[in-house]
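Paired with subunit B in one complex and with subunit C in the other, subunit A is shared by the two complexes that follow.
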Partner chain A sequence: MRSDERGSIAVTVALLLPLLLTTLVGVVQLGALRVIAAKVASAADLATLAATDDQDQSALVRTGSLRLAPDAVAVARTFFALNLSTIAPLLATTPVSVAAQAEIAAFADVPAVDPLTGWRYEHPTVRIAVDVPVRTPVFGVVLPTTMTVRVRSASAPR
Partner chain B sequence: MNVRVVLATCVLVMMAGATSASADGLDPGGGGAASTPTPLAVPPGLYLVTDVYAGSVVVSNGGTTTYSTVTVRATPGTYARLLDVVGTGAASQYDGRSFNGRGRLTDGRLIAGAYYQTFILTPTGFVAVNIVFFQDDSETRTFVAPTPVITALPATSWAPRSSASVAPNATPTRTPFPPAPTMPPVPVAAAGVSLASDGPILASFEVLRGRTVQLWPRAFVDGVAVPVRSWRVVSGAEGIGRTIGTGTEPAQAQWLVPSAAPTDVRFEVTADAAAGRTLVASISVVVRSPALLQ
Partner chain C sequence: MVLVVVPLLFGVIEFGWLFQRWLATQSVAAHAARYAGELGGDEPSLRAFIARELADVGIDPTRVEIDVAPTRVGWRDPVRVTVRAQERIDLPFILSTTVPISASAIARGELQR
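== the complex of A and B ==
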């Protein structure tokens, strides 16, 4: 290598290094975002499962059929907030606030069609639909620091 | 009815003051001595009851009146022995000692039949419970219209031909038959299962996996709920805690595996109000599990 080429390589590396670092950080951030989305979805899933498990015992005695408890929506909201608390640092707002803004519905009378999702339910179902704002600090350089994870979860006894 | 084959009982029920030991004896496979693995030595003359006394029946067909006994095929775990076989009109030392009494023919003679004594097995041995009379008799009377009877007899009474006196100068009177004996009404007994002690009877129900429910076998006579004396699970016992119990306790049930098809749980129920009968109650269960909808 000739001595006059050394300068051009250094310039090239200096120019490309930020781009490489940015790409690397972006990949890491996207992976983290997927993990966060999975955690939020799990929080919603577990909340709907807990609400589905909350059955109306008196209705069961009277009719022999499973029926969601009257407080199924409240149970789902409470559990959703509790489940989100484990990833609270990753959220752009508080877990309670996220749970409060979630659209939670209980479909006790079936079959039914969910007007929000269009899903058809054959069994009593609890559904959570929510857009959860999460932090993306690495993106802060070139992208918004807050992104939204959309979650749709429904559970029923089958 | 072959009385010799029929082994009696009924009774346990009639004894309001039955002891807990007696109740144990009622439960096949229960905690009494009957469930011990050692072979049971039954004293000579004692038989395992396989046909249970259900009631005495008087049926009139034309001029023939039949006195018989209705039994129900059941094995309540009691024992019996034959005490005495008596003919028509013959007295027995057991007259007046049976819980169901011994009736009389229309001519006043005692009905023929057999006395049986019922026993239950307790940890201390066989305990006599009561005596039951299985009636087995009939009488035939012939209606002779022109037979004159003495006018001193009440016009509405029926006089057996053998006891009629002939008075040539008496006015021929058509003697009416007495009211035909009718079969006593047999109470309709039924059983079912509910999820509460006072809940409605259900044919089926759903339950979440792992959730404990109480199954209450219940009995009804003529549509009215009656106390259950004992129950036992005869099929579908998977998921049932105890498979025998009394009327004051439910069967605790819990299923851990969701079922693709309904499972039938069948009980045998005994009740004092349906003495001598074993009622069958069944309920179908579907086990479900909370699941995510994708």
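== the complex of A and C ==
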């Protein structure tokens, strides 16, 4: 290799290195965002499951069919906040605040159509719908707004 | 150029692998929390379940720390399962290290004693 070719390669590397490093950091941040989204979805799933695991015992004895417990929405909200607390450093606001703003609905009378999601429920269902603001340090440098993760989760007792 | 491109390539692959492990650990923690709620706390069958789930996703269960709190959960009370793993990443010419991965999930005690 001639000395002027070595110089040409050094210039190419110097020009491409920032682009490569920026791409790498962006890929890592996107991966982290994907993980955060999965964790938030898991928190919502666990919350709706916790809310539907417990049924209205007296209604079950009286009618023989599964009915949601009267406190299903409150239980879902509590367990959503509890599960979000395990990933609190990744959120742009507090878990309690996210859970308080979540749209949580119990559909006791079925069949029913969810006005928010359009989903149809054949069994009593608890649904969580929320946009969760998350921390994205890299994207935060280039984007003026906070990124949010949209979660829709529903569970029914079987 | 090789000193730059090879670590970058390995970096993308290793971090992808790390994210996959992170997601898998989260999934195992969520399943384990639900099972802990059904069992009423920390039981040998829960440990065996977690070991099986970890092995299924390619994580060595012997190198994983599991914490169940409380060890005996009451009906309708929260039970938390935490799974901590140490994952090794190797970037040629730069570093070889272990990265701690931790996932927690909280479910509701379903056992009415």
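Simple rule for what comes next: the second predicted complex is superposed on the first by the 152 of 158 C-alpha atoms of A that agree within 3 Å, B and C clash if a C-alpha of one lies under 4 Å from a C-alpha of the other, contacts with A are read in each partner's own complex, and residues count from 1 in each chain.
To be clear about the criterion, a contact is a pair of C-beta atoms (placed from the backbone, for glycine too) under 8 Å apart; a residue touches a chain by one contact, two chains touch by 3 or more.
Here the structure is a predicted model, which is why all the values come from computation and not from measurement.
**Student:** Between subunit B (first) and subunit C (second), which, if any, makes contact with A:20: first, second, both or neither?
**Tutor:** second
**Student:** Looking at A:49, would you say it contacts subunit B, subunit C, both, or neither? Reply first, second, both or neither.
**Tutor:** After superposing on A, A:49 lies in contact with both subunit B and subunit C.
**Student:** In the overlaid three-chain picture, which partner chain does A:82 touch, first (subunit B) or second (subunit C), both, or neither?
**Tutor:** second
**Student:** On the A-aligned overlay, A:158 touches which partner chain: subunit B = first, subunit C = second, or both, or neither?
**Tutor:** First partner only.
**Student:** Touching A:31 in the superposition: subunit B (first), subunit C (second), both, neither?
**Tutor:** second
**Student:** Examine A:66 and indicate which partner it touches, taking first as subunit B and second as subunit C; both and neither are also allowed.
**Tutor:** The answer is first: A:66 touches subunit B but not subunit C.
**Student:** Just checking: does A:121 make contact with subunit B only, subunit C only, both, or neither of them? Give me first, second, both or neither.
**Tutor:** First partner only.
**Student:** For A:147, select first, second, both or neither according to whether it touches subunit B, subunit C, the two together, or no partner.
**Tutor:** Neither subunit B nor subunit C is touched by A:147.
**Student:** Of the residues on subunit A, which ones does subunit B touch that subunit C also touches?
**Tutor:** Subunit A residues touching both partners: 45, 49, 53.
**Student:** Any idea which subunit B residues touch subunit A in the complex?
**Tutor:** 194-196, 199-200, 202-208, 211, 213, 258, 288-293
**Student:** If we count contacts the way the header does, which residues on subunit A are in touch with subunit B in the complex?
**Tutor:** For subunit A paired with subunit B, touching residues are 45, 48-49, 52-53, 55, 60-66, 119, 121, 123, 125, 153-158.
**Student:** For subunit C, which residues count as touching subunit A in their complex?
**Tutor:** 1, 4-5, 8, 11-12, 15-16, 19, 22-23, 26-27, 30, 33-34, 37, 76, 78, 80, 103-108, 110
**Student:** Please name which positions on subunit A make contact with subunit C in the complex.
**Tutor:** Residues of subunit A touching subunit C: 9, 13, 17, 20, 24, 27-28, 31-32, 34-35, 38-39, 42, 45-46, 49-50, 53-54, 75, 79, 82-83, 86.
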